[in-house]
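Next up, some structures in structure tokens.
Look at the two complexes coming up: chain A is in both, with chain B in one and chain C in the other.
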Partner chain A sequence: MEKTYYLGVDVGSVSTNLVMMDEEKNICEKLYLKTSGRPVDTLKEGLKCLAGHFGGAEIRGAGATGSGRQLAGMLIGADVIKNEISAHAVAASSVEPDVRTILEIGGQDSKIIFLRDGIVYDFAMNTVCAAGTGSFLDRQAARLDIPIEAFGGYALKSKNPVRIAGRCAVFAESDMIHKQQTGHCNEDIIAGLCEALARNYLNNLAKGKEICGPILFQGGVAANVGIVSAFKKILNQSVIIPRYYDVMGAYGAAILAKEELEASGDETRFCGFDSVYDDFTVQSMECKDCANMCEVIHISVNETPKACWGDRCGKWSAGAGKAQSGSRTG
Partner chain B sequence: MKIGLPRGLMYAKYHTFAKTFLEELGAEVVVSPPTNKKILDRGVRCCVDEACLPMKIFHGHVDWLKDRCDALLTPRLIGVRDKEYICPMFCGLIELISNNIPDLPPLIDAPVTSLEYGKLIKWAKQAGGFIQKDDTKIALAFDRARKAQQMEQIGYNEAGYPLKIALVGHVYNIYDQFINMNVKKKLNELGIGVMTYQQVDRGDIDAQIQTLFKKPFWTFAGEYYGASVYISKKGLADGILYLSSFSCGIDSVMTELIQSEIGDFPFMVLKLDEHTGEAGFDTRIEAFSDMLKRRCEFGRHLS
Partner chain C sequence: MVVTFPNMGNVAIAAKTLCQGLALPYVMPETNNSKTLAVGSYYAPEEICLPFKLILGNFILAARQGADTMWITGSCGPCRFGEYCELAMRTLKKLGYRTDFVVADLSSDVGVKEFIRRIGTVAAASPVHPVEKLRALRLAYQVVELCDRLDAKAYERAGYEVHKGECRRLLHEYKTKVRKTESPEETMEVLQDYGRRLDAVPADKSKNPLNVSIIGEIFTIIDPFSNLYIEEKLMGYGVSSKRMLSPSWWVKNMIGKPFRLGSRDVYKASDPYLKYSVGGHGKECVGEAALAKAQGMDGAIQVFPLGCMPEVVAKSILPVIQEDKGIPIMTLIVDEVTGEAGYITRIEAFLDLLKGRRNQNQKASHPRAALNMRQFPSKGV
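Moving on, here comes the complex of A and B:
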């Protein structure tokens, strides 16, 4: 029998990830692409890549997550559009059924998820500040002229990490520059930064909650060995990095799509890989009908209006909702 | 005489009293429209940067009203209960608006130190004197306004949903659909009913406060604490959603104090500010509702 697959898509602020999963929940292919501020183009590029291997195979379901999940869900015809917390938790549980704590640091979000008997028991997300997330690390690596891939390695070479204020990205940066000017080496400064970020993350999100093992660390920042070792040092516990740590959100979305369709018995809404050749246009406008001046997004495929959102009163989205027959959210 | 009533801050709780009082005195009441983007933009532009979002929005309402009325009712709120206080920003609000917004009509800004009868009647005479010189008429208007306020049921408790979330936080966050991005509608769409913390009796709130090592200085702080703890102990809701203004001092203390008392009971803080993106807001609400659903299913599965 031909193998059948599920597609999971995670459109985040920094990376867009795609996963092809088989019926046994094995990841057969994963893509980690930089979003570079162009979610639609990046997603299309990813789908084109996958079409090469899986173009002829049957796709039984598709799921979308990440901050761009609505847009992505619309583009691929997702069966499930879910928030990142649920997606990450489901993915972590299937990799490590006993997982109790998930540390997840992405491009602009960081979250901690506590599980008990396989279900999410509590979670916390960073509030309005993106200090200590991937995009800040990216920026610091660029400033020190070190490729981000090598950044963590520097931290491991440090013998004497300096102390850096991790509470705010602006303070951290001025602290780093100051330490640099007084003569500390890059290794010590980077190690200091990694420790500051790990400390800040735990102070902010874990806030005195008990962190029990097994602990999984996922998200793009888990690639940074410096941060990983800082977490191990502060928590004084081992931290597991799942094999597909960087695409766990997309993996979770694929699993959720499989579960959803198996429960409902419905056929998938997935548009197929050919949909990348559709003319997908996103237009934004400011509605002038009342003082709220909502920024409304219109999406059309091949010049047919398909979806619309962003309005508070619902008059634009209600009209578009009929045409698109609605995707399941929540 | 046209008296302007800004639809911001404590309007959410005391609008019935204020409207009745002014109308009984023979004034025409002009209320600013529900908060919208224009009002927010105006408020942000004229208010000082450090103020919290609800203060800025109040500025926007005052700005909308200033050319549409002969005077504005903006009491200087210092306290609502005896020997307790409310946020000090309220105390300085009159100075803020009168310095930040040019060409204001006269402000009826008599101070309110407590809603206790003896103290509030003094306020009524001072404030009412602006419209009506006859003290007996003021006293009559005051009594009618008090009765109307007592009849007013603040908040709601929705039935008929499989899950329920209690909203806790400042009334001007909970009841302003613009500030809170219509959180009630979002929760309803996820199949969750909403109750607001005012549904807890004052007596039950006070009983919880008694257990604190010291009586809270701030009236609202005590209310949020007492109501949250009572809701969690009695299981009146499946989870608590605390709507907090970014940079609010009272919220920063209360959210920690409540969490330390209610333990494992599902609790989430949503920070509201002018730059709060709706996407991040939705993600958190969705994840919280997913968590409640799974926890409930799991609970049923065990029992």
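Moving on, here comes the complex of A and C:
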């Protein structure tokens, strides 16, 4: 019998990840692409890549997550559109069923998720500041002219980490520059930065909460050995990095799609890999009909209006819903 | 004298009704929107909290339309709200507007004499008979009370509605209409009409929606723009929500407090966690969180503006209540950010969490779990 697959998509601020999962929840293929501010194009590119391997296979379901999940879900015809927190939790539980704490640091935000008896018990996300996230590390690596892949390795070589203020990205950067100008070496500064970020993350997100093992660390930043070792040092516990740490969100979306379709018994709504050749346009406008001045997004595929969101009163989204169901029956 | 007043939830509708009853000319502020925020934050001190930026935005936009008398509530508590009227006065003066401020402080804070003088300045400007003035005041209170009840009804019923989005549509409709009415009587008519319509919304009583309590800083929870329309979002997810703090609650609680009436249960529930008043509504927030589980709530969401001292104090206590009472509580901090993606992620994840916890409790087949189900809200305003 031919193998059947589930597609999981995670469109984040920095990376767009795609995962193909088989019926046994094994990851058969993963893609980690830079979003570069163009979520639609990046996703299409990812689908084109996958089409090469899986174009002929049966796709039983598709799930979307990440901050661009709505857009991505519309584009691929996702069966499940879920927030990243739930997706990460599901993925972590299937890798490590006893997991109690998930540290997740992505491009633009960071989260901590607490599980008890296999369900999400509590979670927290960074508030208004993006200090301590992947983009900030990227920026610092670029400033020091060190490839981001090698960035964490420098921290491990440090013998005497300096103290860096980790509370705010802007202050952290000036602190780093000041230390560098007084003559500290890059290794010590980077190690200091890693510790500052881990400290800031725990102070900010895990405040007043107990961190129990097993602890999973996932998200792109888990690749940074410097941050991992800083966490181990501060938490004084072992931290597990799952094999597919960088695509756990997409993996979770695929699992959720599988569970959803098995529970409902429905057929998938996945549009197929050919949908990348559809003409997908997104237009935004400010509705002037009342004082709310909502920013409304119109999505059309091959010039047929498909969906609409962003309005508070439901006037636009209700209309688009009709158009959508009309085009589906027609 | 052209009066104006800020958007503080339904207070603006009450103030409008009062102006109409007193036959005073007024400028009705637009519902808070990106323009209000842009103007307000341009002229406000950078570090002040979000409510001030919006209130200042309301005032400046109204002053441009000719308003010269600003009504605002005051406070002599430890939170920055007490600074608002002074700051707004100075800012408007600097901008070259000649405006008078009428600050509604409590008589216990400013003294009975001053309190009466302030009321006197409003009353003296009104040409209508003193009996009419009292009637206008009564009507204004009735209007705000009715508005708050309509809101509460819509937020609660959204979890039971058969046709998705009906409650939200009615809420939006009534809010738009009620801002345009020409007389107190017309306002009352609209409100009563929508009360009946909300009652008539087909409801499925067998639904057992998630119930969420909205707690936190009063301005940001009663002004939908500043909390990125959290209650409307919950309605969209088919969740029933409840919020104790409202303008009419504030009035009732103020009058009731000296007589040990008002929300005594809430204050009592907060005592084991927070014995003293920390300003704003920090004590209420803690008390409501402590009571939420017993009220049949699945969870609570605390909302406050960045830098709000009383709520920061409350926030640090909430994890303890969460453990003690076994109720999930999430905190959302709002500021000038209007990008909603991160905000929606948190809300959706929180609702997933609540669903998961509920399923797990039911699986544990607690016979009492059934008792925790809330009754379908009864009809009648």
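Methods note: the second predicted complex is superposed on the first by the 324 of 330 C-alpha atoms of A that agree within 3 Å, B and C clash if a C-alpha of one lies under 4 Å from a C-alpha of the other, contacts with A are read in each partner's own complex, and residues count from 1 in each chain.
In the analysis below, a residue touches a chain if its C-beta (ideal position, glycine included) is under 8 Å from a C-beta of that chain, and two chains touch if they have at least 3 such contacts.
As the structure is a computational prediction, the values presented were derived from the model and not from experiment.
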So, after the overlay on chain A, do chain B and chain C clash or fit? They clash
(message) Is A:211 touching anything from chain B or chain C once the two structures are fitted on A? First, second, both or neither.
(response) neither
(request) Scan A:313 for contacts with chain B and chain C and give back first, second, both or neither. (result) second
| task | Have a look at where A:28 lands relative to chain B and chain C in the superposition and call it first, second, both or neither. | result | neither
Message = Per the contact definition in the header, classify A:57: touching chain B only (first), chain C only (second), both, or neither.
response = neither
**OP:** Tell me which partner A:234 touches in the superposition: chain B (first), chain C (second), both or neither.
**Re:** neither
Quick one: is A:301 in contact with chain B, with chain C, with both, or with neither? Answer first, second, both or neither.
neither
Overlap of the chain B and chain C interfaces on chain A comprises residues 67, 82-86, 109, 117, 119-123, 125, 127-128, 207, 290-293, 312
Contacts from chain A onto chain C in the complex sit at residues 67, 82-86, 109, 117, 119-123, 125, 127-128, 207-209, 290-293, 312-314, 318
Seen from chain A, its contact residues with chain B in the complex are 67, 82-86, 109, 117, 119-123, 125, 127-128, 207, 290-294, 312, 329-330
Counting only contacts in the complex, chain C reaches chain A at residues 30-31, 33-35, 165, 168-169, 172, 176, 225, 229, 232, 306, 316, 319-320, 322, 328, 333, 335, 337, 341-342, 344-346, 348-350, 352-353, 356-357, 359-360
Listed in rising order, chain B residues that touch chain A in their complex are 33, 36-39, 178, 182, 189-190, 246, 256, 259, 264, 266, 271, 273, 275-276, 279-280, 282-284, 286-287, 289-291, 294-295, 298
